Each structure stands twice: as structure tokens, then as C-alpha cells.
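These notes open a run of structures that come right after.
In the two complexes below, chain A is the common chain; its partner is chain B in one and chain C in the other.
And then the complex of A and B:
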């Protein structure tokens, strides 16, 4: 079935954008390569920071697609394809993970044979050992890629066939994905981030990473949908009612992120046990503290106050501004998870931080643009499409 | 594919994505008013007298035990050294948790425009209030000198005592009192239009007077509805953070300490999820019998409603299972010998049976709800909800007892054994809860009539009868 022009993305809208993204990606990776030769540890940490940032965005998108099917949602049908496109970036992310394999011992100090005699590490050796670590990483990517691929494949198949069975299949995939997804997110957060300092532990850590992921992927959705609207798509399909719901979800997840962050910080601060406080002492000292305070104000106070009144939530321009701001703050959040472990004396920015974000970001933009034109911009024959368009709230 | 040539599989798929109606077809606005009001207006049925004499007796047991406790001292409970907190805090957390489902249904589902909440929110919210009352008994009694429990409130007093704002128990007092006040306001505001309906239908002077006072002069004018809707929205907004804050603060009672097994960062969301889990189980425990006694209520609280509640039960039960897993994993991963020993003791020590029961009831049994069969057969739902009720009590008992019976000092190790007062008081709170609920059914409309009418297809003619 051929798609109408308003259903299919026309690459003329981005001009040379695709080529530009590819070129930028190549340049940035070249810069990173030189950086890695000059300072491999800085490269390793900068790259992990950028990787985790984009990983959380895809992760959040996958989460929202799963939620959509699991609760049989209606309002989000019209924008679901864009979430599916974001979730499908996992295969690209798996490839982008490969550089970390080469610098792993510089990044995860527990892999360094020099630390093998550490008594705390020996206690954890059954979990923190190389074969198990890489095996787990493979499982994570298999789950993420498999789930995202199936959910998008059935959805695209429905565009052609119009069969409601695709909706039922997707519902089953979503149900089957919930538990593996929760476990994979949690243990990925432990493996890639928490084990940067193998002494430290916190039971809420996986939930904290998830909270940021769910929020930032919504921000990307707001930006993508608004960009597509600005070049003429989704006319009469995505209205201010949809923005209103997106705004409410942004508010809810801003609060959820703060709630989880507060729970973690407050309990560790209050109990004041040395093996737990190390994480926050590092981040609450010197110049890192300035960034930590900025995170609290920027990631919670500012968006909370902006999103609380109902007026702004119905304005696409306003919501895009807030979404962009939250994304910047999420970048800071991930930065504060990773980089203090390298620069333990204080904030020391590096050009590699920027290059890594540009390299991974532009690669993913190129892959996303490719996916955008591969199928219809929204699930054109979903059984709940009309209700989604008629949304009132 | 043309409409006429659908395969049977495709037809089944199409049928299965049709939304179930929120009110059984054929039930009109008039019927809703007549039937729901008739539960209050009809002669008191015999089963009600039987039920209230049972719950009333238990309530008397509670009153007698409380009097005995206040007259004698907290020592009549089995609390000892090292188990200074035992069934009292277990029961407190158990009851306060139950309240959360009511607030979630009435506030959060309202803000998220979930129309299926309309037929269950009134009863669930009433349950919230009654559960909070039951909960409040325990910390009040546990302070020992009950007549001094007002010291928790920061008011100037002659003794020059200033409250310890750093104590989580103090935050508890604030959190629970706020929760109760806002919940009462929210519940009462939502009752007003229905109280006016009862007033207008009243046939006796006493009734007219009684409901007339409670209806606060409601006439159903346009201006009144506008004010009402704004007030209800604001109260829903105020109640929503309370769903999270109250049980988070309750979890701080444990997690802000340095006791292995208590101090862990996942406690606040884990407690909130557990509270919603236990609360939904209790909503099902009381609504399923209510539906059985008043059969036509099944047209308002349909199988589809029960199915949805079961999904919430499954979801929150799985979050609780996730939290159990993370606690265990991190206890091991931390490498901390005390943490490891505590969790090993939990699973294999003398309280292993309580731990096993908790896992069985809260994590294993609710997994049956993945299957539609178990979600749509009311008897099964009731059985699973009972498991969840039991499991949530044992969860709190496991947390309290296992961490306290094994102190850092082996010389302080001990066990906890409940006394008859512990057991009688716990049974007594069920009497209080049941009595209040029976009174509620008898004197107030247990279904929010005007909200259910608003989700009838005839209330939305523009959508072609669709919701």
C-alpha cells in the first residue's frame, strides 16, 4: 500500500542533514580516536558518559512503547511510531558500545589485575568478573534490541495489512518484555555505572537511572514531534490536547526523578555510613558541588515550576523549551554519575566530553533519520488511531 | 482487506480490542439513582445486623484491650528487648498501607482521567479513612503514656519541650495527620452532590434533616458545579503527593536508621508500591462481598473493573518482588558482613517461614494474574487478594522482627512472642474497620452516583455513544 505524502517523511525537509550528520559523526570519531591515543582514561570516561546519555533515551522510548501496549493506551497511538523509531536505535547503540570493550580496564577499575587482591572486590568476584560482565552485557542488548525490533516490526506490518492481530501480538511482546526490561535496566545500571566504584552500592540505583530515562525520552518525543509538525506533518492529528498530556507526563516524571533522587540522597546522608556516603562526598565537594546544586535546581525546581501551571503545557513552543532544558539537565545528571570518578579533585571539562556526545549523537541522528523515512510517520491503520486523534482531556 | 472477508482469527482479534462498557448496557441514570439510594433507604437487612454484631464485638475487644493497656502499660504487649517494635509497628504499617489504594483510585486516577475509577472510588476512599483510623491507634498506644502523645505536635507547652524535628517518628505524625485531614476533605467534598440526592429523595423528616445538614445546601446549580469541580480538582492535586509521601515517611522510620535490613535506599518507592498492592487487595476484599450481597452492583462494578484492579495488583506485587530481589542482591553485593548475615537470617533463621510466606503471598501467587482466567473469575480474585492481605502483613513483620531479633551484639539476641493482648488488639482493629465500613454502607451511598452517570454512553451523545 502506498503512503500519502502526509504520512511519509520526505527527505527534502532535512536537505543535506543526513549527510551532515554522517560527516559530523566521522569527524568527531576521528577526534575521539586522537583523544584516545593521547589520554585513554579521559576518552573512556567521556565516551561512557555520552553512551549512557543516549542509551537512556532509547531505553525510555522502549519503556513507553511497552507501557502503551501493556495498558492498551489510546491517546499515544498517533505518536507511537516516533517512540518505536527511538527505541530501535538500540542496534546502533550496541555497535557504539564496542569502543568501551577496548578501554574497559581503564574505565572499570575492578577489571584491572592490580586491584584483584582487594578484599572488598574479592567478596564480589562472583558477580564482578569479566566473563559474566560481558555475558550480561550481551543479554542486555539482546533483550533491548529484540523487544524494540519486534514491537516496531508488528506495528509497521499493521500499516500494510491493517490486521488487528498485530496489536494483539504487540501486546504479548510488551507483556513478555516488562520483567526482562526491568531486570536488564537495573543490572546494566549496576554494571556500567555503579561498578565504576566497586565499593559503593545503593538498592535504588536502577530505579534512579530508569527515572531519568523515562523523562528524557519524553523530552526527545516532544522535540521530534514538534519538529515534524513544523515542516507540515501531523496536521490535525497531534493537537494541543496531546501536548497537554505530554506536559503532564513531563511534570509527573520530573517529580518522580526528584523523588527517587531525594530518597537515595536523603537516606544515605541521614544514616551517614562511610561505605555509602563516599559517592555523595565526592560529588558534594569543591567544584563538583556547584554542579550537584545546579542539578537539583535545574533538573527539578525549574521544570517543576514551569510545568505546574496548565497554561504552558498546551503550547508546543513552550513545551519544547522545557524539554530541551530537561535534556540538558539529564546530560548533566549522567555527567555527574560518570566523570567525578575520573576527576576526583574537581570538575575538569575536556574536549573529549563534547566530542563523544557529538560523535554518538550525530551517528544516532543519522540512523534515526533513516528510520524516519522507512515507514509511515504514525501507525496509519492502528485500531485506536481515530480515538487517539479525537483526544480530549 | 474488505470488511466482508475477515478471517475468524482476525474477527476474534477485532472483538478483543473492543472496550468493555463501564456500566452494563441498559442501566439508565434513573436506575443508578434508584438502586444506589435504595441500599441506604431500604429496611436494614438481617445480614447487616449479623455482620455488625460480629464486628461490634471485636470492636469491644479492641476497646477493652486498649483500656487494659493504658491502665497497665505497654508491657502487656510482647515487646521486649531487643524487639522494642513488634506487632504495634507491623500493624501500623499494615493499616496505613491499605489506605493508599483509596487515595490512588480517587486522586491519581482522577487526574489521569481514568473513567473506570467512578464506581469504586467512594468505597475505596472510605476504606482509606477507616484504615488510617485503625493505623493511628498503634503509634499512639506505643508512646506508652498516651495522655502525652500530643507532645508530638509542636505547640508551645509549659514543660519547655521542643520536638525533635530530626526524628522520622515526628515526620510520621505530620504525614499521617495531613493525610487523614486531606482524605476526609476529599471524600466529603465528593459526597456532597450524592448527599443532596438522598436529601431530595428522603421520605421522613429526620432523614431530610440529617442529609440536608450534610449536603451543605447543595442545589446543583451551574455555579455550584463549577466551584465543586475546581475544589475537587485541587483536592485531588493535594492528595496525589500524599500517596507517595505518607508511605515514604513510614519507610523512613526504618530506612533512616543504620540497622541492617532496614537501612536501604529503595525503601521509599518499595513501601509505596507495597502499600498500593496491599490497598488494592483490601479494596477487592471488601468490594467482592459487597457485589455478592447487592447483586445489581455487578452492573456498575463490572468484571472489567475487577480485571483492571487485578492488573494493578499484579504490577505493584511485581514491584515489591523486584524490591525483595534488589535488597537480597545488594546485601550480598555490598560485601558488608552484617547486611549479608541479616538477609541470610531472614531466609533461613527461625523466621524463615514468615519470609517464605511473604514471598509466596506477595510475589508468587499474584503471578497467576497474568492469566485472564484468574482476573475475571471473581472467586479466584478474592482468594488471591486474601493471599496479598496476609502477605503484606507478614512483609512488615519480617522487616520489623528479623532485623531486631539479631542485634549487632550477639548477647542482645532474642525472639519475639506475641501476647494475647497483641493478638486481641489486632483482631479488634478488624472489628473497628468492619464496623465503620458497615455503617458507611448503611448510611452513605457506596457508589458515586453522579460520577457513574457521567460515564454512561448517553452522557456523551457527541461521541456516538462511545467513551
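And then the complex of A and C:
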């Protein structure tokens, strides 16, 4: 069946944007390659930082799609396709993970044979060993890609058939995905980030990564929807009522992120056990401490105060500004998870940090643009579409 | 016009019954347009768009709760900072005291802020809506019992500056109201 022009993305709106993203991606990857030859450790950490940043955005989008199906949400139907598009970036992310395989021992020091005799590592060897690690990584991507792909496929199939069955199938997929998703997020956070320092552990670590993921994917949704509105889509479909809900969720997850971050910090600070405090001692010393304080102020205090009054939440422009700010702070958050493990003496920016963000970011933008035009911009025959459009709150 | 309640008691207001939810929304808009302030509408279920039609003023409860929450916050600051920094500046568990013990303060700051806000909201709301009370003048009006089944009512209270018993009653009638009733207190 054919879509009306207001339901289908027209590539003339991005002009040469798609090609530009591809070219930028190729250039940045070339730069990264040179960087990797010159300083492989810097490349490994920079690349992991950029990868995790974009990984969390897709992860959050998948989480929202699953939650919306699981609780049978009504308000989100009209913008669900954009979340599905972001969640489907997982297949691209799986490919983008491959460079990390080649630099793994430089990144995850526990893989380095030089550390094999370490008594702490020997205690943890049942979990931290290569075959199990790579096997788990495969499982994570299988779960993420499988769930995201099915949810989007049924949703797109419904555009053509209008069958209610697709909604019911998606609900089943969502229910089946909840527990595997939670487990995969937690263990992925442990494997890829926490094991950068194999001495350290924190039981709330997975939730902390998830809190940032749910928040930043909402920010991306706000930006994508506003960009599409600005070129004339979603006329009369997405109103300030939808923005109001997005604003409220942004506020809620800003608070949730702070709550989880503080829970982690306070318990470690209070118990004061050396193998736990190492993480924060590193990040609360010297120039890293400046960035840590900036994170607390920028990731919590500023958005909290901006989002608290109901005034701004109904204004797309205002909300976009806040969303951009939170995304920048989320970038800093991931930076502070990864890079201090490399530069233990203090903050040392590298051009590879920027190149890695550009390389992965522009690749994903290109893949996203491709997905955007592949199907309708919103689930046009979802049975609850009209209720979503008529939203009041 | 009918009379409900005790005619020798003070006047509460004038009420009328309407046919449907749509009618009631129209009436609310008309009452607002006519300049009435102290009126209310009653229906067996929530009506979409009624909030906009009634245009009730923003409740001051939010500000009152803010003051309550701030009180709780400042009380927790004082109760933790003063002992830790001034009265008993002790090093416990190798932790600093005074301002630098701030991570330990947060849970209590948060809890007391929430606690005081919740109490202020609960008690403030009860006081503002005049609960607890034994009876409400509206319940003296027999037909009003239908409000939980099939009745749609609008009532203009006597404290409204524009209120005058006869004229208000006639106005409600002109809007299509039936069973216009003068309601007295008990």
C-alpha cells in the first residue's frame, strides 16, 4: 500500500545529509585507524566511550518500546515508530562493536596474560574469562537485536495490514523481553564498563547505566520528533500535550538518575571499604573531580530546576534545549565512566575521543535516516492511534 | 423556585439541574462569561474539557506545600549540620564532619522534605476544603442525591459578589436549568 506524503519521510528534507553522514563516518574512521596505530590504548578507551554513549541511547529506546507495549500505553503510539527506529540501531551497533574485539586486552586489562597471576583476578576467573565474556556479549546483542527487530517488524506489518493481531504479538514480545533485557543491561554494564577495573564492584552499576540510558533516549526522541515537526510532519498529530508528557518523563528520569547515582555514591562513601572506594577516589581527585562536580550540577541540578515548572515543558523549543543539554551531560557521564581508567593522573582530552563520537555518531545517523524512510513515520493503522492523537493531560 | 434546607438559616446558594454533560460544560462557560466566580458544577463522572470551561483559579496549595517542604528541609539542615559541625565535631568511621559530611545528610534532607510536604499537603487540603464536617448544605437538596447516578448540577454560592437570589435563579433557568432551588444551610 502507498503512504500519503505526510506519512512518509522525504529525503529531500535532509538534502545531501545522508551522503554527508556517510562521508563524515568514513573520514572519522580513517582518522581513528591512524589514531589506533599511533596509540592503541587511547583508541580503545575513546572508542568504548563513544560506543557506550550511543549504545545507551538505543538501549533506552528499546526499553521505552517494550514498556509501552507491556503497559499498553496510549499516549506514545504516535511517536513509537521513532523509538523503534532508534532501537533498531542495535544491528549497526553490533557491527560497530567489532573494533573493540581487536583491542580487547588493551581495554580490559584482565584479559592481559601479564595480569593472570593476580590473586583477585584468579578469584573472579570463573566469570572473567575470555570465552564466557565473548559468549555473553553475543547473547546481549542477540537479545537486543532480536527484541528490537521483532517489535519493529510487527509494528511495520500493521501499517500494511491494520491487523490488531500485530499489537497482541508485540505485547507478547514485550513481555518476553522484559527480564532478558534487564539481565542483559546489567551484565553488559558489568562486562564492558565495570570490568575496566577488575578490582572494583558495585551492585547498582547496571541500574545506573540504565537510568542514563532511559533519560538520554527520551532526549533523542524529543530532538527527532521536533526535527520532523520542523520540516512539516506530525501536523495535528503531535501537540504540546505530547511534549508535556515527554517533559514530565524527562524530569522523572533526571530525578531517577540522580537517585541511583547518589545511592551508589553514598553507600560506597559510607561503608568506606578500599575495594569499593577506588572508583570514586580516582574520579574525585584533581581535574577529574572538577568534571565529577560538573556532572552532578549539570546532569541533575540544572535540568531539575529547568524542568520543575510546568511552563517550559509545553514548549518544544525549550524542551529541545534541555534535551540537548542532558545529552551533553550524558556524554560527560559516560566519559567519566571510561576515560579515568586510562588517564589515572587527571583529565587529558584526546582528539580520538571526538573522532570516535563522530565516527559512531555519523554512522548511526546514516543508518537512522535509512530506517526513517523505510516505513511510515508513525504507526498509521495502530488501533490506538486516534486516542494517542487526542491526548489530554 | 423551590427551597431546600432550613429557610431561617443563612443562604448557601442557588442550584439547578441540567440535562447532560454537554449542557453542563456550556453552562459552566456561560456562568464564567457572566462574571460569576463562586460557582461549581457536579456530575456523576469527570467531564472532558470541564477544567477549561470552569477556569478555576490555580490552587494556592502548591505554594503552601512548598513552604512546608522548605521547613522540613531547613529543619533537617539545622538538625544535622549544627550537631556535626558545632556541638559534636567528631570524626566517626574516618569520615569528615560539618559540611564535608554532606553525603550522609542527603537521605534525611530528602525524607524530611517529603514528610513535611506530604503532611502540609494533606492537612492543608483538608483545611481548605473545610473537612471534616458533618453535613454539607447541598445535601439538604433532595434532588442533589442524583449526582452520584444521573444528575448534572450547577450551583452558584451566595458568597459570590454578583449573587442575588432571584436574578441568579432566573439566570440559571434561562440557561436551561430545571428544578431551580434555593439552598439554605441546616
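We take it that the second predicted complex is superposed on the first by the 393 of 393 C-alpha atoms of A that agree within 3 Å, B and C clash if a C-alpha of one lies under 4 Å from a C-alpha of the other, contacts with A are read in each partner's own complex, and residues count from 1 in each chain.
Following the convention adopted for this analysis, a contact is a pair of C-beta atoms (placed from the backbone, for glycine too) under 8 Å apart; a residue touches a chain by one contact, two chains touch by 3 or more.
Please read all numbers here as calculations on a predicted model, not as lab measurements.
Trainee: Based on the superposed arrangement around chain A, label chain B with chain C as either clash or fit.
Mentor: Here chain B and chain C cannot both sit on chain A without a clash.
Trainee: Can A:203 be said to touch chain B (first), chain C (second), both, or neither?
Mentor: After superposition on chain A, A:203 lies in contact with chain B alone.
Trainee: Based on the superposed arrangement, let me know which partner A:114 touches: chain B (first), chain C (second), both, or neither?
Mentor: neither
Trainee: Tell me the contact category for A:305 with respect to chain B and chain C: first, second, both or neither.
Mentor: A:305 sits against neither chain B nor chain C.
Trainee: Determine, for the superposed model, which of the two partners chain B and chain C contacts more residues of chain A.
Mentor: B
Trainee: Does the superposition put A:270 against chain B (first), chain C (second), both, or neither?
Mentor: both
Trainee: Between chain B (first) and chain C (second), which does A:123 come into contact with in this model arrangement: first, second, both, or neither?
Mentor: first
Trainee: Looking at the overlay, which bit of chain C runs into chain B, 92-100, 128-136 or 164-172?
Mentor: That would be 128-136, the only stretch with clashing C-alpha atoms.
Trainee: Both chain B and chain C contact which residues of chain A?
Mentor: 266, 270
Trainee: Using the touch definition up top, name the residues of chain C that touch chain A in the complex.
Mentor: Where chain C meets chain A, its residues are 48, 93-95, 103-104, 106-107.
Trainee: Of all residues in chain B, which touch chain A in the complex?
Mentor: So the residues of chain B in touch with chain A come to 1, 9-10, 13-14, 16-17, 111, 113, 241, 244, 248, 252, 255-258, 263-269, 311, 318, 322-323, 326-327, 330, 333-336, 370, 463, 466.
Trainee: Going by the contact rule at the top, pick out the chain A residues touching chain B in the complex.
Mentor: Residue positions touching the partner: 71-72, 120, 123-124, 127, 161-165, 167-168, 175, 178-179, 182, 186, 190, 201-207, 248, 255, 259-260, 263-264, 266-268, 270-271, 273, 275, 383-384, 387, 390, 393.
Trainee: Given the complex with chain C, which residues does chain A contribute to the contact?
Mentor: Per the touch definition, chain A meets chain C at residues 262, 265-266, 269-270, 272, 392.
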